[in-house]
Amino acid sequence: MPLLHENRLFPADPSACDIAKRIYKSVRGLPIVSPHGHTQAAWFAQNQPFPNPAKLFVQPDHYIYRMLYSQGLSLEDLEIGAPEIKNPRKVWRTFAEHYYLFRGTPTRIWLDFALQELFGLNERLSAETADVIFDTISEKLRTPEFLPRALYERFNIEVLATTDSPIDSLNDHRLIRDSEWKARIIPTFRPDSVVDADFAAFRENIENLGKQTGEDTGRWKGYVRALEKARARFKDLGCTATDHGHPTARTANLSPKGASDLFSRMLAGRADAQQQELFRAQMLTEMARMSVEDGLVMQIHPGSARNHNRQLYERYGRDVGADIPIPTNYVNALRPLLDRFGNEPNLTIILFTLDESTYSRELAPLAGHYPCLRLGPPWWFHDSPEGMMRFREHVIETAGFYNTVGFNDDTRAFLSIPGRHDVARRMDCAYLAKLVAEHRLDEDEAFVVARDLAYELVRRAYRF
Amino acid sequence: MPLLHENRLFPADPSACDIAKRIYKSVRGLPIVSPHGHTQAAWFAQNQPFPNPAKLFVQPDHYIYRMLYSQGLSLEDLEIGAPEIKNPRKVWRTFAEHYYLFRGTPTRIWLDFALQELFGLNERLSAETADVIFDTISEKLRTPEFLPRALYERFNIEVLATTDSPIDSLNDHRLIRDSEWKARIIPTFRPDSVVDADFAAFRENIENLGKQTGEDTGRWKGYVRALEKARARFKDLGCTATDHGHPTARTANLSPKGASDLFSRMLAGRADAQQQELFRAQMLTEMARMSVEDGLVMQIHPGSARNHNRQLYERYGRDVGADIPIPTNYVNALRPLLDRFGNEPNLTIILFTLDESTYSRELAPLAGHYPCLRLGPPWWFHDSPEGMMRFREHVIETAGFYNTVGFNDDTRAFLSIPGRHDVARRMDCAYLAKLVAEHRLDEDEAFVVARDLAYELVRRAYRF
Amino acid sequence: MPLLHENRLFPADPSACDIAKRIYKSVRGLPIVSPHGHTQAAWFAQNQPFPNPAKLFVQPDHYIYRMLYSQGLSLEDLEIGAPEIKNPRKVWRTFAEHYYLFRGTPTRIWLDFALQELFGLNERLSAETADVIFDTISEKLRTPEFLPRALYERFNIEVLATTDSPIDSLNDHRLIRDSEWKARIIPTFRPDSVVDADFAAFRENIENLGKQTGEDTGRWKGYVRALEKARARFKDLGCTATDHGHPTARTANLSPKGASDLFSRMLAGRADAQQQELFRAQMLTEMARMSVEDGLVMQIHPGSARNHNRQLYERYGRDVGADIPIPTNYVNALRPLLDRFGNEPNLTIILFTLDESTYSRELAPLAGHYPCLRLGPPWWFHDSPEGMMRFREHVIETAGFYNTVGFNDDTRAFLSIPGRHDVARRMDCAYLAKLVAEHRLDEDEAFVVARDLAYELVRRAYRF
């Protein structure tokens, strides 16, 4: 029995299932466009083999180690946070013994997809099968077919965007671009580390930004110019978008003097929490202004309380300390930015949320009105079958399909990319099949929309 | 192929679909009761032909022009806000070319219903069919069968309520009442413009209210008496309900002295935003007191941030400036009013929301306890198939069917009324069919409930 | 025709329905574990017959009298709040005449279950059948088979937990334990009445706690020691859990000096509302510390505005005054407690909510990370078919099945226990059948998970 059924995620009702299959058949082979993610350009620049299953699947995937940790396993046993994994087979076995914890989660579907479709395995991961699966994967990873560039081609990726700091050298991107290899791997401009004073090295980062751009980032005007120059440098390497992961969606519209004074206070380390928040808010509006000028698409990802687990954060640092979503307001928060730029024809802002109560209440009504706004796909915890269905059910009736932007995988786990896009395509087909089966959409239109959701909308929104 | 399938909106599963069909057959022909909407009494008083398809379908329908605007079309091109449409065929063509944007939205279902059921068309609206559909509709609009009164009768409307300012002359309602024509078209008392200082002409309106009623509205007591007189005037013309569209559901219970002082401050233009909010809050409680006395049913529609798009508001004024829902609290907000009148046997308050997170958390528990409270149908953005299903799924298990009040169409587009009620009836049947198919309700009971939802509950709640 | 269909609550689709039936067959006969409820130990200590249908079904059940009250019936007519019911047949008839109000609610399913499965009735309750059903139930209640202990055994209960004040004598529990009868009926430690100054007798309760434990509860240290001793007394009688029904989930982490000063202020009656809230917050953290030491599992049930209906509260007191849910925050509220104890291996905290918007936004991400956190089943208004389905759909993809704890009935109505557990088991099977039918879970795994949800998880979480 295969790990994955060919009709997985489609409606149980036979006629609706048949509709979903027909639609899916028309989109399953479309190229993958991945406009937002956390893969590393270095993999493709260097094209070295991935080391082992534990390093590949367990260590980078916070979905996996969160769940294991929640059930009492220690991060030490999983070697999370270690630069190298000393005992990958042991880590893999621990994971395999606890694979039952992932029943009913998207992690299970993504991993089963990789096991079956990439590695040709058809036995469920468990204590019993841990070793043979470990060995099979390890062996394949040493073959040329499993080198990063070969996988990129096998995955039929058309564009792959990484996420990068403004002070990143982007050398790996340059290496790829200068190589013979024809792939479109592009950076995304993510300035949080020079905008958000919660980052430990905030002031150093700004200093480095100054050095890199030849601007005096000790002053507001130089700081702004440095950001503009950094954006231009990213654009030169194919970048089409920025990304902003603030705690809230708050924006502000200070006078130039007000912004300048606030910046000085930030640099002097005299800004309290409210002023730091105001600075982030002001910077979203500044970035919108830059986007109107240089055409980069803005992505806003608010609503996560970072590093919630204090003990883990103190021990392991950012990204292990458990980020937890919080209630998020968009209607009042975005108003200062929208007052200035909401009707700009050249601006695109893609909004994401971790607070699903905003889908129908705030996001769909906003995106269904403002010409600059589009809605990103269900994000993170909501990048799941039920999460996707809820997104469609709450958003489409008000915003329509054409104020959404297709799927992004947002992943650190390169090998999960095809599996994640497959889930998204299947769920979109399941949703469309439901509409067709209930005579809310004609089948000929569902085929058009399915292609739009899988391929066209993302290219249009991200200006690829 | 017809535009609309006869089983549209019913469950895909064949046996559940059959149940839905049986139930729907028993309610599809019931008269339409429309207790809340924004049609114009003048149409029926004058009984003149509707001018053209653009004026009829595009210009009054903010669902339509919001979506078009969100995708970059200009309001000028659509001639929104203009008193007359200079080039109706061009506006119609623009709409038709972008009709694909409405895929998956209720607007699409409502319009297809009107095209097929009222105009006998069976081709999908598109760039290709725009002209022939424009011509067909235009031609029919000039026939006697499409005059407002003829349509009212053809739609099998039993009651139609408009929404009116307290200082409206209600002359059109009087003309209808004094005519030979036997129809029940009644006003609804909506005092926002003399209660909410956000209205530009707030103080003028209050002055006019004084003139009209012969009361000194420069003082609190006279203002209150003037409102009571205005309500009586509405009641004489058949009015059974009031309507209150405040930003929040907040109520207050000030002393007579406190209310009087606050009113003076309001009139003097010295009230800040908080005091304006407090005044609105106090007035809801005053209105509840009046309702206990005169028996008018209260409708409370809170939770919309009005005129969100500043640039459009400054250019086009109210109702084009994009209202966006905001989080809404009912539990604390309604407490002062409920403390005084919550257990009054003669009071009915119908609550609406744009914040679906309150359905199961606040509204169903409140309506499932307080004798004066009832829940209005899913409103505005939630007047949609998914919105209706969510409403039922979140509300009925706690509040039951009998603390809800059936459907209202809330529309400015007269020709969409039958289509909107048809969607509501179908979705109620779909929900009931699901309950029956899952053996959560017996089929004989589902027939009774379907009739209650389509016809009886609205008549009872609005005291028709 | 029976009142209840054998496939009730299963999916309408035939193949999914068959899967649900197969899974359900494997769990329907498992013993009932009831870790949280409000039955009375006295019933089992004394083993006297239950008096009559009105006393048994109507008077203790706030689900029932809320609904009747919301539709204009008076509490006097229902004899709610009276120590005895003078005219039980009249109360029963009133209930029967209004039984249609419960269409589509879980109350209807629970009661129909009791009528059919316990009393062998198969006619729907109504004005017509009220008397014959009253007589049948009354007669059976006088038979030995319907004595409390006989029913306990017939229900196949393995553990039954009551909810008790720290100053309760627990004599009835002791009587049961010392009797020949082998049943596991255990108390739960619910300290709200000595922690929450909203309780009328707050200070008296604390004084009594001191007397009972021989500690000086006039001082912080004595108060804390008294609580520890009371917990030990509960543990001796089999108690494994505490329960905390605060208005919010707020926790605090004061210094010993700060806690001591705040306690003195509380006792002196000088604490304002904010300080009372801070004291409750501090006490949750104290209780967590005690749980780390004595191993009692914590249950936190926040988010209810108690006694919302002032007039009823003034007349009837607590628990009739209509508690209404309010928006609830967990992410910030729990932080002080989690900062101290979030990673403790010996701590289990079970979180409940009345605010469903927190399921996917806060609760699942928290429980999917912190080793001490588990999620309780859908509570109160959400203890319903749709409520259970939403819980699973919002929670499982992030937290998995194994961070949840099975079902609890939370009931005051002993005879509703089997019906409530049956609904929960059926809905879990319906959810699992959906996963299997959509190929998101293999059927062999669904059988394992179904047993876990019905039996194993609750035993593990509550340490039975």
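Chains here go by letter, A, B and C, matching the order in which they are written, and residues are numbered from 1 within each.
The rule is short, and it goes like this: a residue touches a chain if its C-beta (ideal position, glycine included) is under 8 Å from a C-beta of that chain, and two chains touch if they have at least 3 such contacts.
For clarity, every value in this text was computed on a predicted model and none was experimentally measured.
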Query = Is the contact between chain A and chain C built from the same residue numbers on each copy (over half shared) or from different ones (under half shared)?
reply = different
Query = When the CA atoms of chain B are placed over those of chain C, what is the turn angle between 0 and 180 degrees, to the nearest 5?
reply = 120
Task = Take the average of all CA coordinates in chain A, do the same for chain C, and state the distance between these two points in whole angstrom.
result = 40
Inquiry  = Where in chain B do residues touch two or more of the other chains?
reply    = 11, 13, 357
Task = Could you please specify the touching residues of chain A with respect to chain B in the complex?
result = 11, 13, 15-16, 329, 331-332, 335, 338-339, 342-343, 345, 357, 360-362, 364-371, 373, 393-394, 396-403, 434-435, 437-442, 445, 448-449
Message = Show me the residue ranges of chain C that touch chain B in the complex, using the header's touch definition.
response = 4-5, 7-14, 66-67, 69-72, 100-106, 109, 124, 305, 308-312, 322, 324-327, 354-357, 381-382, 384-387, 390
